[in-house]
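Okay, got some structures for you below.
Two complexes come next, and they have one chain in common, chain A, joined by chain B in the first and chain C in the second.
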Partner chain A sequence: MEILKNITTTIENDYVKAARASGQKIIGYVCLSTPREVFDAAGIFPYRIKALGRGDTSMADAYLSRFNCGFCRACLQLGLEGSYNFLDGIIETNGCDHLRGMFENWQHAVPRPFFHYIRVPHLIDQDSLQWFKEEIELLISALNQHFASGIDDQKLQGAIEMQDRVSLLMKQIYESRWEGEIKLYGHEIMALIVAEGSMPAADYLQLLDSFNEEIKNRKALDVRARIFMGGAATDEISLVNELEKLGGLMVADSFCFGGRVFLREAAAAEPVKRLAETYLNNLLCPRMFMSYSNRKDYIFNLINRSKADGAVLFHNKFCDLHGIENVKLKMDLEKEGLPVMLLEKEYGAGADIGRIKTRVQAFLEQLKR
Partner chain B sequence: MDKSAVLQRKDSTGLFSRVHALFSILEKLPQQISEEELEGLFKVLPADSANSMRSLLKPAIQQASMPFLQMLSAALNDTATAKEQGKKVVLAPFNFPPEIIHAFDNLAPITTEVLTTLGVVSLEGQGERYWEYAMGLGLPDHLCSANTIDLGSMLSGIDFEPDAIISGCVGSCDVNSKTHEFVSLLLALPQIALEKPPDNTERGFKFFKNNYLKMIRQLEELAGEGLKLENLRAVAEKVNRCTELYHDLWELKKQVPCPVPGIFSLFVCATRFSMWGRDEGIKTLEACMEVSRQNLESADYGSREERARVLWIYLSYYYDLVKFYDWMEERRISNMGDALQWAFPEPLDLTSRETILDGMIRSAWNNVMTRQMGAASMSQRWIEDIVYIIREWGVNGTIYCGHHSCKQTWSVFSITRNEVLKRTGVPTLGLQGDSWIRSMTPMSVIQEEVEQFVNNVINKSGRRRRPKIKDTV
Partner chain C sequence: MFYGGIDVGSLTAQAVILNENSLYAYKSMPVSSNPIDSASAVIGASLQEKNLQHQDLTYCVSTGYGREQIQKEGLADENISEISCHGKGAWWIMPRVRTIIDIGGQDAKVIRVDQEGELVNFVMNDKCAAGTGRFLDVMSKTLGVSVEEIGPLSFKTQKVIEMSSRCSIFCETEVHHYLQRGADLADLAAGINRTMAGRVMALVRRVGIEKEVTMTGGVAKNQAVRRELEKLMGLKMITYDLDSQLVGALGAALIARRLAEGKQ
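Right after this comes the complex of A and B.
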């Protein structure tokens, strides 16, 4: 789809240009813990900062260091180059040590007019939920003050319902790979998810509808092996594409630019509390503590339902959170008889693709596929 | 005490077992050892151990190093004999103040990074085999050696296992908290997570305090006893004495030349991390004060040359004490210590259980790394502390050791270096290396870079000017 191509290869895509032309404010965020409904309710375009696999970090390395994650360095690079000058503001989250550093350097070097820090707890319990609820209230208050947004419960409720619809449809498309013939690639799913953070919610819903219609008329794909992929914070659609060309189709994933975007389970009715539950309870990221079993169960469930033949767990060089968690996951998955490959990589390193492909090819051989 | 029966060792090749065995010998050394006797001792010790002892036991600081070694020995014995005494061992990272554990009858604290450092300092082959074991599990090579060496030994199944782990770095260091979580999951040990939100306001402190009080309830459950006021007060009184001595040493560091030996920063932080609030900790700090005071009062003090006053703004290097601390001393570079001693302790108000706990919680909130890297802005709080200390101690050069695992400090080092220079005019040297693994960057390279920094940047008079090249065409 042409629209999808534009969105997943261009930072300042057509929707961003249209928003700027109409005077709509645009706020950048990175982490999945950011409740985008708050911005939707404010009439602000929430844009998920990404690097789309670009590996150049020459300027960013003067701020962050070579010991920091390549994804964060690549995002900062784009910020320093001016690719994100369309942002009216930035939301910092304490996703990980690298991300915190990225935001500090960004605001230090090329400050945006609005900057707000959402302090996301690392535990899931009642106190943390209360804290996070207050954080969302502080965000609302900051937006109302700076942009005169007029966010209220009714608007929030509308935004939540919109995201519920988006998630439902996305879930349907995502899980369509699990029963019967497979008609779409994993990298296409990733592209769809990357698009989610690059366009307004209503437009995205239309895009999903069109996509859903389109895939119905497709022919079934020839699949050599069904692969679960997980780990790294990455939006490298081209990497997944390259690996799928080898015959291993990504049938499920746990990337933060992946299926986790659409986890919505929450019980509360009151909008802000509901958002707190949605974004904290479903934050299945290794930055969360005392909840490894939640993440493991989620991944086991995905693997079982998607009938994956094996798992490839990535981590960007210097990412401790995924680097350590992947080892534990490998142990647990192998205990259940699933072949697992750990793959450390640099973000956006095209030069490294040969090594990665060789390893994945060998892994597919190991799966006897 | 019968040492043979104390520790339920699975093997004698684990880091803890080996360190404990060595310290069981060292604690028997007399308070004063002549140089001749020392030479004899170095001949019987393995080369790596002898190298460290050469630095630790040198006559100029022996008066402080003997209580220091005995303090560490006492900490190790507490762990080794815990099970026999019906106590539970709680493993915690360095930024978790141990005094609250000392206040329990049935708990004994042990600190991951202290064990690693002891292993690196005192064992033949340093911590390499344990690091390699952890790497063999598939763990990435960018982990922190300060945690991974000791935890690698535990994971190998040949060493002691604690009864619970406190993850005290949640919010201030990913790699530390994640490594501890990994070990607790693999060894099926209870984990207690103490989270600090990146919020410097009272709201942030209230959240932290609540987390800390929840942790106490978990510790009470683990210990099978309530936290007793009389224990708490007894420990708090000793904490206050440690705090007093800490500030006395701080004051002495303002003197020019600095009378406090650089290696005492290691003594202070080891005390803070393990025996703060214990008699052994007080003895170590008192001895450090005594030696420093004697230095100040010595006849040649005024004529001593001080080429530079260098502050290590995060970590130092701990794998070669001779070539690090002693070398700087010989080169007349005053080593003002590193950030591990920036505990900023305040006296505890002993009025009630609530006031004592409030003080201990503030102390944990302000402890090293938690305070800087757990702040709302990592760079701002770190910069403020560095600038404050530069002014307090008259520092004229700072060095960032660039331990490759410190992703949080690395991520804001550029801002920090520039801002410190802007605010104080003091330059910063950025190095790269691993503070606990000698094969990463040889000490000779570090020495060369420090020497050049002192000669060419701090002491500008020594700077060679590039000769003008005349046009020859």
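Right after this comes the complex of A and C.
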């Protein structure tokens, strides 16, 4: 789809240009813990900061060290280059220290008019939920003060309902790879998810509808092996595409720019409390403490339901969170008899693609596929 | 019927031709800058030796860097990773082998195969020259000897100058420092080979050792690295008569034969 291509290859895409032309404010965020409904309720365009696989970090390396995650450095590079000058504000979260370094150096070097820090708890319990609810209230208050947004419960409820509809449809498309004929590639799912943070919710819902109709008329794909992919904070659609060309189709994933975007389980009725539950309880990220078993169960469930033949777990060089988590996951998945390959990589490293492909091809051969 | 295997690596290209039962012809030569040219030259020379044409090959498999392009250009019917090919080739020569340490010009792999020579597990070095042929290449230039000499040089001494780093760049700096202090070349060569083995041993530990163990690739010809690895593993590796750089192409030809049989 042409529209999807524009969104997933261009930072300042057509929707951003239209928003700017109409005077709509645009706020950048990175982490999945950021409740986008708050911005939707404020009439602000929430844009998920990404690097789209661009590996240049020459300017960012003057601020962050070479020992920081390449994804964070690549995003900072784009900020320093001016690719994100359309942002009226940035939301910082404590996703990890690399990410915080990125946000704070960005704001130091190329300050945006609005900058707000959401302190996301590392535990999931009642006290943490209360804390996070108060953080969301602080965010609402800051937006109302700076942008005169007029966010209220009714607007929040409307935004929540829209995201529920998006989530439901996306889940249907995502899980269509699990039963019967497979008609879409995993990298297409990643592209859809990258698009989610690049366009307004109502337009996105339309895009999903059109995509869902389009795939119904497709022929079944020839699949050599069904692969679960997980790990790193990455939006490298082209990397997943290259690996799928070898015949291993990504049937499920646990990427930050992956299926976790659409986890919505929450019980509360009151909008802010509901958002706190949605974004904290479903934050299946290795930055969370005492919840490895939740993440493991989630991944095991995905692997079983998607009937994956093997798993490839990525991590960006110097990402300790995913690097350590992947080792533990590999051990646990192998105990269950699933072949697993760990893949440490540089973010956006085109020069390394040959070596990565050699390993993945050998892994598919190991699976006798 | 004849079956071909083409392996184009970072430094050398090899081709092997099998008939139904045995190794029929083979060639090895330095690569040119274009993998297609290298593949064409090496398989062409192997075929020419036996007065064969490319169409006489029932099936051909390419491996190594550029394997996909070689297939796309029509020189091979299929491409298979060099990891599977080295495993299969080594197993065919020595059916007892289960662990293969393959060290080429720019990468190192430890490969585990089963009793059928099928790939069970593997590990490959990250994007780093340490523990690869390139490391020995850089170090030999620093010492002012050829890469072929760095192994035999080690056997001329009992003393080993230990390197404090396994990084190619830091190690080169360290060797310069020792040379300026008048260190003996043989002592330094022994230290370099030990460092190389130590780096590869980290990969071996990740896959685990299952006997029998052997080495393939160009660095297998360095007896000092082989000796250091044997010391670290506490075992004697098994050896074979064929040129260790031909094992990947041999594996590719064996897989070509199997794939052709499967298509009949």
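What we mean here is this: the second predicted complex is superposed on the first by the 369 of 369 C-alpha atoms of A that agree within 3 Å, B and C clash if a C-alpha of one lies under 4 Å from a C-alpha of the other, contacts with A are read in each partner's own complex, and residues count from 1 in each chain.
As a convention for this text, a residue touches a chain if its C-beta (ideal position, glycine included) is under 8 Å from a C-beta of that chain, and two chains touch if they have at least 3 such contacts.
These numbers come from a predicted model, not from an experiment.
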(message) Under the stated touch criterion, which partner chain does A:365 make contact with: chain B (first), chain C (second), both, or neither?
(response) second
(message) I'd like to know which partner A:239 touches here: chain B for first, chain C for second, both or neither.
(response) neither
(request) On the superposed three-chain arrangement, identify whether chain B or chain C touches more chain A residues. (result) B
(message) Just checking: does A:32 make contact with chain B only, chain C only, both, or neither of them? Give me first, second, both or neither.
(response) neither
(message) Under the stated touch criterion, which partner chain does A:287 make contact with: chain B (first), chain C (second), both, or neither?
(response) first
(request) Look at A:344 in the shared chain and tell me whether it touches chain B only, chain C only, both, or neither; answer first, second, both or neither. (result) both
(request) Could you tell me if A:352 is touching chain B, chain C, both of them or neither one (first, second, both, neither)? (result) second
(request) Would you mind listing the overlap between the chain B footprint and the chain C footprint on chain A? (result) 344
(request) Write out the stretch or stretches of chain B touching chain A in their complex. (result) 137-140, 142-143, 167, 170-171, 173-175, 177-179, 181-182, 185-186, 191, 193, 195, 197-199, 203-204, 207, 210-211, 214, 373, 376-379, 404-408, 410-415
(request) Using the touch rule from the top, collect the residues of chain A that touch chain B in their complex. (result) 62-65, 67-69, 72, 94, 96-98, 100-102, 104-105, 108, 117, 119, 121-123, 127-128, 131, 134, 286-287, 289-290, 292, 315, 317-318, 320-321, 323-328, 330-331, 342, 344
(message) Show me the residue ranges of chain C that touch chain A in the complex, using the header's touch definition.
(response) 65, 80-84, 107, 118-122, 124, 126-127
(message) Residue numbers of chain A touching chain C in their complex, please.
(response) 344, 346, 349, 352, 354-355, 358-359, 361-362, 365-366, 368
